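In this document, chain identifiers A, B, C, D and E correspond to the written order of the chains, with residue numbering beginning at 1 in each.
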Amino acid sequence: MNGIPMEHGLLLSVTLFVLGLIGVLARRNLIMILMSLEVMLNATGLAFIVAGARWGQADGQIMFLLILTLAAAEVGVGLGLVLQIFRRFHTLDADSLNGMKG
Amino acid sequence: MKVIELLGWIPLFPFLGFLILVLAGDRFSKPLITWLGVGSVAVAAILVALIGAEFLNGTMEPYRMVLGVWMDVDDLSIPIGFYLDALSVTMLFVVTGVGFLIHVYSAGFMASDPGYASFSAYMNLFVSAMLVLVLADNLVLLYLGWEGVGLGSYLLIGFWYEDTNNGYAARKAFVMTRVGDTALLIGLFLLFTQLHTFDIQILMLRATSHWAPGALLPVAAATLLLGGALGKSAQLPLQSWLPDAMAGPTPVSALIHAATMVTAGVYLIARTNALFMMAPSVQFAVAVIGALTLLMSGCSALVQTDIKRILAYSTISQIGYMFLALGVGAWPSAIFHLLTHAFFKALLFLAAGAVIFCFHHEHNIFKMGGLRKAMPLAFWSFLIGSAALSALPFTSGFYSKHEILLAAFDASPGLWAAGCLGAIITGIYCFRLVFVVFFGRECPVIETRLGWQMSIPLVLLGALALFGGMLKIPLDSVFPVLFNNDPAFDLVAVITATAPLIGLSIAALFYLTGTFSAQRLVDFRVANQMRIFCFNGWGVDALYGALVVRPFKAIAKLNKNDAVDRAYTGIALLSRGGHLMASASQTGRIRWYVSSMALGTVVIIAIGLLS
Amino acid sequence: MILLALICVLLLGGFAAWFSERWSPVVPRWVAIITLTVEVLLLVLPCLAAEHAGGLLSAWFAHFYSPWIPRFGIGFHLAMDGLSLLLTAMTVLLGFMAVSSSWTEIKNRQGFFFFNLLTCLAGTIGVFLAVDLFLFFFFWELMIIPMYFLISIWGHENRTYAAIKFFIFTQASSLLLLLAIVILVQIHHNNSDTYTFDYFELLNTALDPDAAFWLMLGFFIAFTVKLPAVPFHSWLPDAHTQAPTGGSVILAGVMLKTGAYGLLRFVIPLFPEAAHQFAPFALTLGTVSVLYAAMMAFAQSDLKRLIAYTSISHMGFILLGVFSWNLLALQGSVITMLAHGISASALFMIAGALQERLHTREMANMGGLRSALPRLSALTLFFAIASLGLPGLGNFIGEFLVLQGAFSVNRVLASVTTLVLILAPVYALILIQKVFCGPSSQHSFLSDVDLREWVSLGLLLLVTAWLGLSPQAVLDVSASALKQEMQNSVAMER
Amino acid sequence: MVMTLFYITSAVAVFATVMMITRLNAVHGLLYLILSLLAVGVLFFLLGAHFAAVLEVIIYAGAIMVLFVFVIMMLNQGQKTLEQERAWLQPGIWIGPSLLALILFIEMLVIVVLGGSADTDHVVNAKQVGIALYGPYLLAVELASMLLLAGLVGAYHLGKPMLKTTTEGKS
Amino acid sequence: MNINQIIALAPIIILAATAVAVMLSIAVRRHFVLAFGIAAAGIIMSLWTLGIAWQESPIQATLLMLVDAYSLFYMALLLSGGLAVLGFCYDYFKDREGEHEELPLLLLTALLGGSVLVCSSHFATFFIGLEILSISLIVLIGYPLNQARPLEAAVKYLVLSGVSSAFLLMGMALIYAQCGELNFNGIGGYITSRDNINAMILSGTLLIVAGLGFKLSLAPFHLWTPDVYEGAPAPVTAFIAAVSKCAVFALLLRYFLSSYSYDYTPLLTVFSVIAGLSILGGNLLALLQNNVKRLLAYSSIAHMGYLLVAFIAGGSISSALAVESVSFYLPAYFITTIGAFGVISVLSTPQTEADDIAFYRGLFWRRPWLAAVFTLMLLSLAGIPLTAGFIGKFYLFTSAAEGRLWGLLSAIIVGSGLGLYYYLRIIVVMSMNAEAQVIKPAQDWISTATLAVLAGLLVWLGIYPSFLINVIQSIVYAME
């Protein structure tokens, strides 16, 4: 039906992955970090879909489903944590969370 | 049972005396201590007399007695064995005889000292060790005695331990002689490695049969043994401990540093004469060292003011004569001189001790004077001793020294000349001492009465010093007879005999009649510097200080905290630095942590792809 | 069984001492004494048995074997020959001394102290008896822990540093040992397809020269650190200085000997060719240790530190002796082990006695003690001259034999080593001088040696003199063992 | 046609993601993220994964993002936050992460290119997915439920209001 | 799914069911003891069913899971560890305010995740098990909501674990894209069928390694470790340090063995670098650390490095010995770590976490038994005889020497030398004299009993390791 080369799909996935990584590294706002993390996870999902499409198997999509589950669980827990953090520290600055070091 | 089988008891008695005294001495009363200390030596002396008589009257066959096994490993077998021949008999007489007299003397001299018990014990230890030394049939046992006398000497020099200087002198004596001992020990190793035995007689036989004369090995072995002898006998260049050793009580100086221990080196060389004859160059070196030493220390004795130091330098000088004798192959003469020297030097020391005793430990001769009348016994003893020492004709010293000098002339006129010069110098310092102390201005004497313990030995030794020259020791059975000369060279004999008289006259001109004044000589700058140079023992101590002692101390102090440890501290510091650096990476920041993960991933992928 | 009992009795005694603290702080020491007495009886028994069964002359006269970790062929294998008998006997003797010197010095937690002391002895005896390399290593490590506690709990002012340094040095080096053992076993496994850690099996492992060299080095470093030889010695002065007297006695008297024992028992028999190749270097190291440590000893002002450095110096002789590998040198090493163990322990006990009385180890603060402590000073003098190698005392026999043996192997090094005879009086007499001589000080109220000190030091004195005057008995006991070792490694001989 | 669509959508996804990570305002970022997710959903469709595409839109872009919206609104960050973000996002801060990411990207590029070329013209429809899901992957589904349970309980616990008496710990 | 498979999976099913049961019990009535009781009962039951599952093993339960002796062994380990941690948690939380009933539930799910991991033979279970574990752990770390540090730690763990999951998934995707298989054996088939090293598979595996490296806290993915260890409540730290790492490592080994990834030598190079860095870095970091929890965190980095050495050796020696070494080292490490953190947990009070080294001053004289147990644990970490750690180290040396990994061996030796220093420091501090401090009286019977059992095991394994060795050998035998 289509002729999208696998490597192009993978490259897109890698691009998104890397952009997500940049987001995690560069942003200090915890919510933005979580969002960037979602981008990374989503990118891996895309990679699985691309791979699944190459082999014509359902496994790729199932892996995507599992990633989706993970994303949901992680966002749930993560946002709960963000709320607690904001209540306690009154900031979302990831860098200010350095009470333990050394 | 023959008396000779009691040989093993000779060193044992003094040793038992030592043990008893050292273990329980401080609980005994003074007389008991005296009886134990003197008695044990006396028993030994009696045994020596009996055995000696039996031996000398017998066939004079060397007698060997093995008491037990000391060590027996592999091919190394060291028995506790004693060997009796004319040489050891002579030495036994000296050690026990003179030792006994000095013991008696010290019973008076040291009676009031609180440490009398330990003093007696140490003396006994010394005598016992010396007896082992002379009786040993193998070199290791000899070394045991050798070190034992060193220990005894250390203990006795430092006997008055409250004065730090005495401790220093004692340590100096021990360490310096140890330098020689070390050479001796290495020599022992060399001998055993090559000849596979320590037994002296077998060793000498094997040395002559296995080695060629003048070859490297005998030369090396003889050199090493010589090193040991130099240390113990205070010969150049290891002589400087002896004057300092005078810090000990005077009987100690008499016994150890005049009569017995310092002659151990002579005994060793005489004992191993076969080896030295295999190494003519070394033997010649012995003679040269003897000659040099006798001159140098004679000069030093000239300028000393401490009565005991004068005698100490004279001892060095006299042993120099013995070395000279050994070096020229006049073995019996060396031992003969050893014998007579033991008499007159012990006598001199004991007389000096009496003087010092009476002056309450005053040593400076220029603070004495005119003692001739106050202390006749001391004066006569001193006079006889000095005469013998400077070898005035018909004293004991004359016979022995005369033989040596004639033999030296045989070997080399140069050596003979040195010996004669030495004899002149000896005459000067001997009589300088006599004239200064016993003639001239009379000094107030504090205490002149000598107990019988001190008088009797003086008398007996005086007799020996005077007539000891008549003793004929049958040493020919021990030593190879090399030359057999009647005094053919009359001129030489005359010069040799008159040399001490010249010295005597010079001393008289300076110190008795006052014709010349030493003070005036000192006014010359060169002369004064020479005086100081000689006074300090030719700067040997200073040289050692600069070359060895001070560098060693400096390095030791510098390295007190151990440079090697610093290396480990370095490792510790390195780890600490690593820790601090690594710790700095733990910033506590999430984004930094993510970066490290990302970086790590990048790196491991790179490694994976590139490898 | 007796061999096992030798170890177990000490361990049980240790626990008993620990628990007996509940009743009274005095009980643990008596428990320790009783334990050691039992130990003596146990030690006499195998001798008698051996006498009965063919004499001490057969090389190995007692065995105990029980499988332990069959997966790797590891067995609980103990055996005793003359060498281990001598060292075990010395361990027990010095155990008494350690207890004696801790009698009044240890004032808190006596139970735990004696527990550590006895377990330390148990570990050491285990080391001397184990003939399974794994078991050997097990005990090797085991003896360190109680010693570590002895130093770190009951030590002096700088104990933490010293204890940690001691532990790290010995442990880090023993890792090399473990590694070498493992590799050796693997090579044996590759050759014969069986895993075994048994000493007797491994003796005949065929090794290629390179491997043998590196393995030998692993063993060598571990043992020379323990010995210790320069440059691995720097833990020892600290450990000795800071340890309580009992600890110093064990450390100097017994524990250092484990290193020497290891060299003798394992390094050369297992790797004769490599050891031969390595011998010049090892001999040099021995010489350097002897001289360097003697010089260091002279520089010290702390009494225990001085004695510690003399230990290093004496241990250098053992290195020299072992790597000379002839019967003379080996016998010399054995005697040195015993004689040094005794004289150094005695000196440490004296240092402890002085410290107990004066509360200082600094020699500058002493001086003139001879009038106050005449007996102690006489005893010190005796052990000082023993340690400077005076003939007639034990140390001389050892050093003499070592040097004589070494001389036939390497003249230059042996001669250079002999120079220590000059340095030894320098440090030994300065000790006497600084502590006992000089003007009488204000310490006149000090009490001289009491009965306990008399008995223990007197015993050591007798042993030292006996070793020096009649070493033949000891030489006979060790001879067969040493000959056995030499047969196992003919290649080491030239 | 499909190819063209693919590239255009890809461009949209990349653009949206770039915008998302650079927005100062979290809500703007979130909107871009949704855009990106939608674009990826389209890509899924193009790749023949219709079921996944639907889930992407409904769950990812729908449900999960709503959570973010909730939280952002709960925290109610205003103008102050914007300024803070501006202060945080100095241009320099991008350099390091971008470099790192660039290297990673290049590495991945190499890897993907080295992996060789392959086509992806397989449609895997929902039925196939369903069969696989409840066949061989049954356990995975069950485990996913446990994952969600853990997430649920966790979110519930973490969402609890703070206790009144708080101890600050030691920091 | 047939009945045999279900029986084989019974332990896991029971864990899941217990989790649900706890949830239901919470829904009905919040009761601290009840919740813990149910959880404990569930774990014990699960442990008991391991025996039943053993009869069915080895069995492939669908494509996703493989229940064999190996996985059952590790499951038993994890479950026992979980039980111990549950005990510590009980004492740790019983006096604290707040609602703690979710805690056993989350512990159960975490254990479930771990059990799935050790059974997994497929990327799906690999991934999902890991995530169940991670999500549970995030919440467990941040569980005490009234303190700052746990929250901070939880956030750190959340973000980093998210990133690492992303790496992991990317790696899996790459592998899948290349070989079309998600099953370990399938991947192994692909790898063995081709001679050349495939870049995509290699990099995929490397990304997986990065993801797992985070979980195992291997350098350079280790930076989170000390912070999380410090922040998390002590029992939870024990869980992270022991259970989670053990499960992940078991999985890593299983994956490498069944997918024949050992054939990819560049991987071993990478592992060597990681191992060396971890050993040196971990030990250096711990060197002067004054916080005991952080110190143990750093030491765990080093220990994972050691373990990795045995793992790397698997590339050149018989896999049997490598598995044996790892399988001995892990239980030894497991007991030790749980014990050490158990002691910290027992000493902690609701007011203070016992993590400052000053707190341990004189512990020997205040709480001798506790101090003795802690000393034992530290000695075991240092690898001193009489403890299981020594036998573990012995195994390590054996396999590394057999594999001729000289470089890594020297790293181990250097690292151990450094390690001794900081372990000893704690022991020294404990043996120092200290004025009596007011401390929590010993009333934590469950924890105390657990510690006693752990210490006993440690010594037993140290003196008589043959038992465990035999068990492990039978496992290895069963695997082949």
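Criterion: a residue touches a chain if its C-beta (ideal position, glycine included) is under 8 Å from a C-beta of that chain, and two chains touch if they have at least 3 such contacts.
Small disclaimer: the values here were computed from a predicted structure and weren't measured.
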item	value
Common touching chains of chain C and chain A	B, E
For chain A and chain D, chains touching each	B, E
Between the pairs B-C and A-B, the one where more C-beta pairs touch	B-C
Central chain (by mean CA position)	C
Furthest chain, CA centroid comparison against chain A	B
Chain separated most widely from chain E, comparing mean CA positions	B
Averaged-CA centre spacing for the pair chain D and chain C, given as whole angstrom	69
Where chain A and chain E are represented by their mean Cα positions, the distance between them in whole Å	26
Centre-to-centre distance between chain E and chain D (centres being mean Cα positions), rounded to whole Å	30
Euclidean distance of C-alpha centroids - chain B vs chain D, Å	99
Multi-partner residues of chain A (each touching 2 or more other chains)	6, 10, 14, 17, 20-21, 24-26, 28, 33-34, 45, 50, 52, 54-55, 57, 59-60, 62, 66, 69-70, 73-74, 77, 81-82, 84, 88, 94, 97, 99-102
For chain C, residues contacting two or more additional chains	none
Residues of chain D touching at least two other chains	96-97, 100-101, 104, 107-108, 110-112, 115, 137, 140, 144, 147, 150-151, 154, 156-158, 162, 171
Touching pairs - complete list by chain label	A-B, A-D, A-E, B-C, B-D, B-E, C-E, D-E
Parts of chain E lying in touch with chain B, wherever the complex brings them together	155-156, 159-160, 163-164, 167, 199, 202-203, 206-207, 209-210, 213-214, 219-221, 223-224, 226-227, 265-267, 269-270, 273-274, 280-281, 284-285, 287-288, 418, 421
Chain B - residues contacting chain A, complex	583, 586-591, 594-595, 598
Parts of chain C lying in touch with chain E, wherever the complex brings them together	68-72, 109, 134, 137-138, 141-142, 145, 148-149, 152-153, 160, 163-164, 167-168, 171-172, 175-176, 178-179, 182-183, 186
In the complex, chain D residues that touch chain E	107-108, 110-112, 114-115, 136-140, 142-144, 146-147, 149-151, 153-154, 156-158, 160, 162-163, 165-171
Chain B partner contacts - residues on chain C that touch it in the complex	230-231, 233-234, 237, 295-296, 298-301, 326-328, 331, 368, 370-371, 374, 378, 385, 390-392, 396-397, 400-401, 403-404, 407-408, 411, 414-415, 418-419, 421-422, 425-426, 429-430, 432-433, 436-440, 469-472, 475, 479
